[in-house]
Structures are given as C-alpha cells and as structure tokens.
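Each remark here refers to the structure printed beneath this line.
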Amino acid sequence: MKSKIASNREVKRGYFRMEFEFSGDAEPGQFVMLKVAEHNDPLLRRPMSIAGIENGVMSVIFKAVGRGTALPAEKRSGDYIDVIGPFGSIFSPPQTGTVLLVGGGIGVAPLLFWTRRNPSRMAAAFIGGASENDILCSDGFSEVHIATENGSLGRKGLVTAPLVDHPAYRDKTGYLLACGPTGMLKAIDQLAAKDGLRGELSLEERMGCGFGVCLGCVCDTTGGRKRMCVEGPVFKTGEVLWRI
Amino acid sequence: MADLRVRIGALELKNPILSASGTFGYGLEFSRMMDIGKIGAFCTKGLSLKPRSGNQMPRICETPSGMINSIGLENVGIDAFETEKLPAIRQTGATVIANFFGDTEADYVQVARRLAAMEGVHALEMNVSCPNVDKGGIEFGGDPVFLEKLTAMIKKVAGVKPLIVKLSPNVADIRPFAAAVENGGGDAISAINTLKGMSIDVKTRRPKIKRVFGGLSGPAIKPVALKMVYECVKTVKIPVIGIGGIATLDDALEFLIAGATAVQVGTMNFVEPSICQRLAEELNAFCERENIIRVTDLIGTLRQD
Amino acid sequence: MADLRVRIGALELKNPILSASGTFGYGLEFSRMMDIGKIGAFCTKGLSLKPRSGNQMPRICETPSGMINSIGLENVGIDAFETEKLPAIRQTGATVIANFFGDTEADYVQVARRLAAMEGVHALEMNVSCPNVDKGGIEFGGDPVFLEKLTAMIKKVAGVKPLIVKLSPNVADIRPFAAAVENGGGDAISAINTLKGMSIDVKTRRPKIKRVFGGLSGPAIKPVALKMVYECVKTVKIPVIGIGGIATLDDALEFLIAGATAVQVGTMNFVEPSICQRLAEELNAFCERENIIRVTDLIGTLRQD
Amino acid sequence: MKSKIASNREVKRGYFRMEFEFSGDAEPGQFVMLKVAEHNDPLLRRPMSIAGIENGVMSVIFKAVGRGTALPAEKRSGDYIDVIGPFGSIFSPPQTGTVLLVGGGIGVAPLLFWTRRNPSRMAAAFIGGASENDILCSDGFSEVHIATENGSLGRKGLVTAPLVDHPAYRDKTGYLLACGPTGMLKAIDQLAAKDGLRGELSLEERMGCGFGVCLGCVCDTTGGRKRMCVEGPVFKTGEVLWRI
C-alpha cells in the first residue's frame, strides 16, 4: 500500500521519526513492513514497530543503520512509502498494577504506542542506550528513568540498573513490557525469572515476509517452535528458549 | 477478457500465474490479503509424511536483488495438511498444487499416494532437490536415470492428478533431467528451484545462514532461470512451468515468450503479497491491448530473426 | 599501514584486490581514472593467438543487480598486445595477469608460451570456459580429466610465471574441477566466471543478447560465487582467487574470510572505475582498525561455532 | 563523482532538465554516465548527452522512460547524483558554412550545447518529435524548423521534410549534425549519401561502461569495428554500417 508521508524528521543523529497516512487500526506491540527500495535491491521489506497511530497517521521510529534504512531516511514529506500490516502479536498486560516499560534504543517505539493508548495506567519507563544520542522520545512518558552506557545522560550503565531499583520491581507487583536488543531482552528475561516478575518481551529477528509464510523468523519457545512475526514479536517472559 | 486458460496435463488452470512452493504457506495466510481463487493455482509448502521442524536459525538472509533460505523443509506434514488446512483451503475455491518430498523412495511414494487421494488437491509437484537418505545424501534430482525411475514410480500412484516434477538448477546441463521427467511419464516440468549460495556476516565472521549454504532466489536469478526454462522447452513436449525471480508482468511474459506454459512467483510474494493476483490482472490487460485472444498464442513466440 | 601482501605461486602481490578480465580492458583505459599501480594486479581482456572481432550486437543487457554479456572474447590478439599495449602498461608499474584462451589445445599452448616470454606479464590466467573446437564445442573446462591434462600442458610452457586457472560455475559440482587444477600443477584457481543466463525484450519478443545466451555477472551472482569459492578452498591447498559480484569492501571481506587469497572485481569496474583502488585503501583502513597486522591473518577465518 | 544538483525541472511531460555541479570541461557531442540507483538495481550507469556546461554547472535533458530514469526524475535540487565523464567523440564541423542541426526528441541536447558554444555560427535547427510534447528546447536555437508526427506543432511529418527543403541542404553547402533515434539517423545518413551532403551523426546504443572497456557498444563502420563510447558516439555520415 503506497502511503503518503506526512513528515520524516531526524529526531536524533541517525534516528528518524516518520509519519505517514495509514487507514485501519493497529495495537501496541504490532509492526508494519516497509518497502525500502523502488527496485529490487534491497529486496525485502523491513519490519518496524508501530510507535503510534492517530487520526489515520501512523508513526515509526527508525535508526539509519544499513542498506534497508538508507532510503527511508531520505524520504521527505509528500513522498510515498509502501507499507503493509499491521502484523504480529500485541502487548497484553493485566488490567491492573504498575507496568514497567523497558526500552533499549529504538525499542522505545512500541512502548510509546502502548503509553499513548493507556494514558491513565500506572507505568514507569526505563530507557537505555549507548549514549545521550541513543535515548529517544523519553518525553513521551510521565515517569521515566534513563541510563546510558557512557553516562552522558541519566544513570551510567545498563537500563536494568534503575529497573531493579524501582519499588514496583522490588515488590514484584510490576509487569514488564520490554523491547530492545536481544541481549537486553535476555537479561530482563533472566532477571524476571530470578526475581519472580512476569511480563512480555518484544523480540527482533530478520524477517523475510512478516506474515508467517517464509518461516525465516522462527524461534523456539516452551510452547514449541513459533514464528516471530505471527505468534510474536511479543512473547511472555519465560517463554523464549534463548538461542544466544 | 482474454482467454488466459492453460493446461497442465488433465488440469485446466484459470490463468498461467501461479505461486511457488514455500513462498505461499498453505494459501490461507494470503486469503486475508488477496483472492487466492483468482490465480491459476498455488503450490503448498513442501509436504512430507511426518511434520518437520526444519533447520536451525538463522535461516534467511538478503543478497543483492535476492535472498538465501535454508528453511529445511519445515512443514506440518500430510496428516495435519489434510485435516487442518485442506478443509479451509477448499472453501476458497483455489486450485491447489501439493508440493511434496521425501527422504527415501518409499517416502515419496507414500506421500504422493496420500496426496493423490485428497479432495481439493488438484495436482502434485514433486521436489527432487532433497538429499536421498538411502543413497548417502545424493540429491534425488541429481541423476537423470534415477529421476526417470522416480518419476515413473510416482506417476503410477498419482492417478489422474497431473504430476509436475520440479528441477534443480544446480546441474551442468538441465536438458537430460527434463528429458528424464518426460520419459518417466511426468505431466509437466517446473523449473527452477533455488541456486546454491552462501553469505557471510563480516562483523561476526560467521555464515549468515546457520547451515552455511542455502538456496538463492529472487530477481537476481531470473536470467539463469529463463535460460534453463528455455532449454527445457526445447528439450521436451510436455508443459514447462517457469520459476525464478519473477517480479513484474514483463518478467512473466519473458518466460511465456520463451515457451513456458505457466509461471510461478516465489520470493516476490514476500515483498508484495498480492502480486500473483495483480500479475494475472495485468496479463489480461496486456493480452487485450495486444489483441492476443488466447494466452496460448503468446507462449513460445520468441523471435530470432 | 597493514601488510596487505599475498602470494600467488612465485608472485607477490601488493594487496589482494585485483580487477577481473574483460572488465578492465588492457588497464590503460583506467590509468586516466585511477592509479593502476596501486592495486594487487589487473587481468587483461582474454587474449588469443589472433585478434578477434567478437559476437554480433547486441552483446550486453542489464538484469536485476547484474548484467549479461556475450562479447565473444573480442581482443586485439597477442601480437598487438605485446607491441601496442604492453610497453605502455609497463610504464604504469602495474602488475599484469594475462588472461588467455584458445580454440584448440595447440592454441592454448602457443598463446601461453608467448605470454610467458613477455616482459611485463607477471602471471597467466587461463580461461577454460570456451568451446573446444577439436571436441565439437564442449567447453575446455567442462571435464575434470581433460582440465587436468590441459593445466599440466600449460604449466610446462608457463615457466616461472604462476598459472592461474579460471573455473566456470556452470557445473553441478566445482570441487572435482578445483582438484583437477591442483593435480595438473596449476599455481592457483580463480573462480567464478559468469553464470549462463538469458533475457528477452518483451516488446520485440527477441532475446536481448543476439546469441540468446550470455554470461551473468555482477552483485546478483555473489552468493553463488562465494559458495563455490568456499568449496574450492576446502578442496585444494593452492590459493583460490574469489570473483563474482564484489561491489563493496564487505563483499571482498566475505571472500577473504571464506578463504580466498585474493579477489577480483569485475562488473563493478564499469559502475565505479576506481573501485579497485578504493577497496584496496578501505581494506588497509579496515585492517588497521581491527588490528589485523597481516591480511593473511584474515584469510580463511570463517567461524562456525 | 557525487555532484550536487542545482535544479531538476520537468520541462515537458515526462522530460526533465537536470543541472548539477561539474568541475572540468566538456565538448559538444560528448556524454556523461549517470549512476541511477543507490544500491545495485538498476546496476549500470546510463549515458546522457551533455546539453550544456557553464560556470561549473552541467545540464542534461532526459526522458523518464524506464528503470534507469525513474530515480533521476525524482531527484531535487540539493540532492546529489553520481556523474562520471565526459566521454566520447565530439562534433567537429568545418570552420565555415551553414550547419544543419537535426534533432529528434531528446536528441536536441548535444545540438543545444553545440549552439551555445558556437553562437555566431550560421546554423539552422530542425527539431522533430511525435507530438508537441516531444519538442524540447526549441527556443535555444535562432533559426528553428519544427516537425511533429501528429502535426500538433510545426509541420506534420518527419523532421527530414523541412530539412531537405532548406536552401543550405538543397545547395549541398550545409553540414549536418544530427542526434536522435536510430531510425532517424539512418534516414539522414541515406539522404546525405543520396544528396551529396556531409555531416556527423551522434548514435545511441546500450552502454555497459561508457569508457571503452566492456566492448558492449561496438558498431561496424567503414573503418572497422568501433566502440560507440570512445570512437563514437559521433560518427561521420557514410561511416556507419547500419545493423537494422
């Protein structure tokens, strides 16, 4: 589906927030597949978490890292981008209690969407990144704790440090919603197991199609082999059998 | 409306635009995004006697204008296919080509016999690019003598349902393999399956595919596919179904002009889920514009003057 | 500055970035756009005993991330090469690998003997993807037994100059061919030459290449090339030079990590005439950044844990 | 060489005139090779005749017909385009006498360049195209005769009709410089032979490299097999052995 781009701004060095027209709805945790070239190279679409959808305008946040994100980064308002979706499973925390949102780098995108959809929920956000430049959209959360690896913003170190200090973590009432690099997710999964918290993790994997037919994105879980794009990207803590 | 019908053995297809095995799931995944009854047929993910969980991850990677996959023939198995998938597929009115494979000759025969008996399976497509466990891992499709024998065995159990044999491009000369299928009584040839390829992640210095080698598909391979399809067409009288890198109507037309009776779209289903339906519509528009009354009048019209 | 030197037989190359035959003319065309003395070596357009005018037009066409060519080995012949090209090439300080071919065995021997005697030719690269006129048009490189014999014959006349044998990818399994070169006494293998392909102009319904089939090259073929180079590396002890679709430093690194001693850049010379010089510079920067003191420490470091 | 685009305007429906920074000089008849994709598809550069170069700004005129011209058509001022060249042979009419410039479609580009470089030369331009929309830059010539196949502008029919009526053609003193579709060039070559005029033709052919190494662009001439990109694209009348 060709979608008209409303805006595409470089929000931090190398990070872009793109807004485009989108008819239909989506739920927090889901993603869309963006076509990133006019011709055949790069060939495959790239999955992008939905960072929000309001009044027929969807937003995504992406980092220009490689071949597939170079072209989207050059798009301007008025240009078109080909988008299909939404695809994938959704965040579904219990109706009550504090939600602990943990985002690494561009992993904040689905958390931002969830927060917008649930403005009155008690929630605390923990945003981590390599440096100040990698902390995105932290102003989108009411309670926010920041950690950077080089200490250039917030606490120095990993995002798990402020997380485990939070009262709702310490008293085990908090429910985790986490999205970010695989290493971070695995660490959180192990912490949650050790400390007896529950929650959900949004995983990343190379995707060929995004809608369940190429079988290129499987991951092993306690419930058997699952497709990250259909049964995921959101899995419960304790469900994923970590490959690495 | 041009007459787009083509025949594969006893089976008449609405139009010559099919979707390729392994890129269209069991069809149902697509019915939300297109009308799967509008395309010539779809080929199921390759089916085996027992369900398979396939290879370790990572299984896919992107390459220039292409991709490599090493899914390892993950599938639900013929039992689940029959009970869980087929009833829903029948509802859609789609024409179904069941792609299948085995580890042994006996496997092949058994799977083919079962599929041939299933209502709603309209034709069989035999994938012979799999290692033969009985023969120490040599591919079933790697030896023309053996391929002819296997084709004949399967033809016997396929009954009235057309048997399509899908050829591997990883051979020095595809023509003896095409001839083997014809001599073995196969109703049609489909070509090509994926080319063997490899890719390395230079950051980790590891193969991008866990199993090191995988199958290359997508627009990158189209010239190789077209050449092999043309060679098959020149070798046999049975229909040839062209596969490999089709992304546009022009690509499909290239195969038809070269003599393919139909085409299959593979990798591009991932990029544009409704591509087969679009190409079928565009083919009709093209024929009308060019005053081609029957699409069969287009097939094999390559000029070399 | 990292140590980028690699050895091909008795020849030491400044660095492992070479340019491929047929894509670099006789080197001189590039000296206006880059310093051809800065790259490891360049391979000349394939040379034959007599000048050749090559195939009819059209000879090239574009394909997704690739191109097809059917130049037909047009070249000035070894006499004009020696008198008109070589003196000027020697001025540039470039390392020259003379690519050559023949229609018959006797041709091959004669051309190789002449080239081996030319000052300024540092190594020979034998192209065996040509029809053998004596044997009814079967490719010289199509039969391992014959390839071993031809290699041994040429090695005898090549004297001290390294003999590189360039393999065709249009085979079912490249390993016996690699072994044949090693057994025949070849100093190195280069792989791959172009894949056979075809393309049709749907407007005219004619092949886009006059001779119908041509050779596919460019980024599209990189995964196939890498897989075959890796297979060669695993089969022989002599150096393997990786060729096929190299467009970026990462591409070159993939081949080196897979075990290639050097690489050749082909089609991309057309798109970016100074690419080889750039890649040589980038390779140096990469090695410095990664603390790789000798580029040979990078070669064959594929991890599979 | 990455060149900054000064402007890119759609001068007629589907026809673009692009101006970009270019250091170095060029001669009328020569062409540059434009890179038309960021990645590998379309892979090969496309040759474009130089339509002018002044104060470090080069211009080309192109028709968006296929895969290779789609991307350049989308470029805007401030964007970059990768250009190499100039390549090829040049127009070299004798010092005196009337020059008859014959251009079909985008074939006017090199004629325009020649006219700008030779403002005081006696010259008449003959511009042809399918319809009014295909007549480009006719205001760049002082004496101009237009022909369109559908009669929507100028004389109805082929451009050769006004040409053969021109006094300098009739008295055989005119020197031809022609650029356009192969069919037109062949017709002019045959006319010139029949009527005893001399001149030069700028040919088109698929090009792999543009600088003489791929041997993909050869054409047979009375002087043997020549490369269109080095010994051409400009050939003398009577020199080309027409293939079709």
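Residue numbering begins at 1 within each chain, and the chains themselves are lettered A, B, C and D in the order written.
Methods note: a residue touches a chain if its C-beta (ideal position, glycine included) is under 8 Å from a C-beta of that chain, and two chains touch if they have at least 3 such contacts.
Only a predicted model underlies this, so the values are computations on that prediction, with no experimental measurement involved.
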item: Set of chains adjacent to subunit B and to subunit C; value: A, D
item: Geometric centre distance via CA averages, subunit C-subunit A, whole Å; value: 46
item: Computed distance of Cα centres, subunit B from subunit A, in Å; value: 36
item: Centre-of-Cα separation between subunit D and subunit A, whole angstrom; value: 52
item: Subunit B residues counted as touching two or more neighbouring chains; value: 63-66, 218-220, 247
item: Per-residue multi-chain contacts in subunit A, two or more chains; value: 39-42, 67
item: Pairwise touch network: line, ring, star, complete, or other; value: complete
item: Subunit D residues within the subunit C interface of the complex; value: 35, 39-45, 67-68, 84, 205-206, 208-219, 225, 243
item: Interfacial residue positions of subunit B with respect to subunit D in the complex; value: 64-65, 219
item: Residues of subunit C defined as touching subunit D within the complex; value: 22-25, 29-30, 33, 45, 53-54, 57-67, 69, 71, 74, 218-220, 247, 267, 269-271, 273
item: Subunit C residues touching subunit B - in the complex, by the definition given at the top; value: 63-66, 68, 142, 170-172, 195-200, 202, 204-207, 212-213, 216, 218-224, 226-227, 230, 245, 247, 250, 253-254, 257-258, 301-304
item: Parts of subunit D lying in touch with subunit A, wherever the complex brings them together; value: 37-42, 67, 70-71
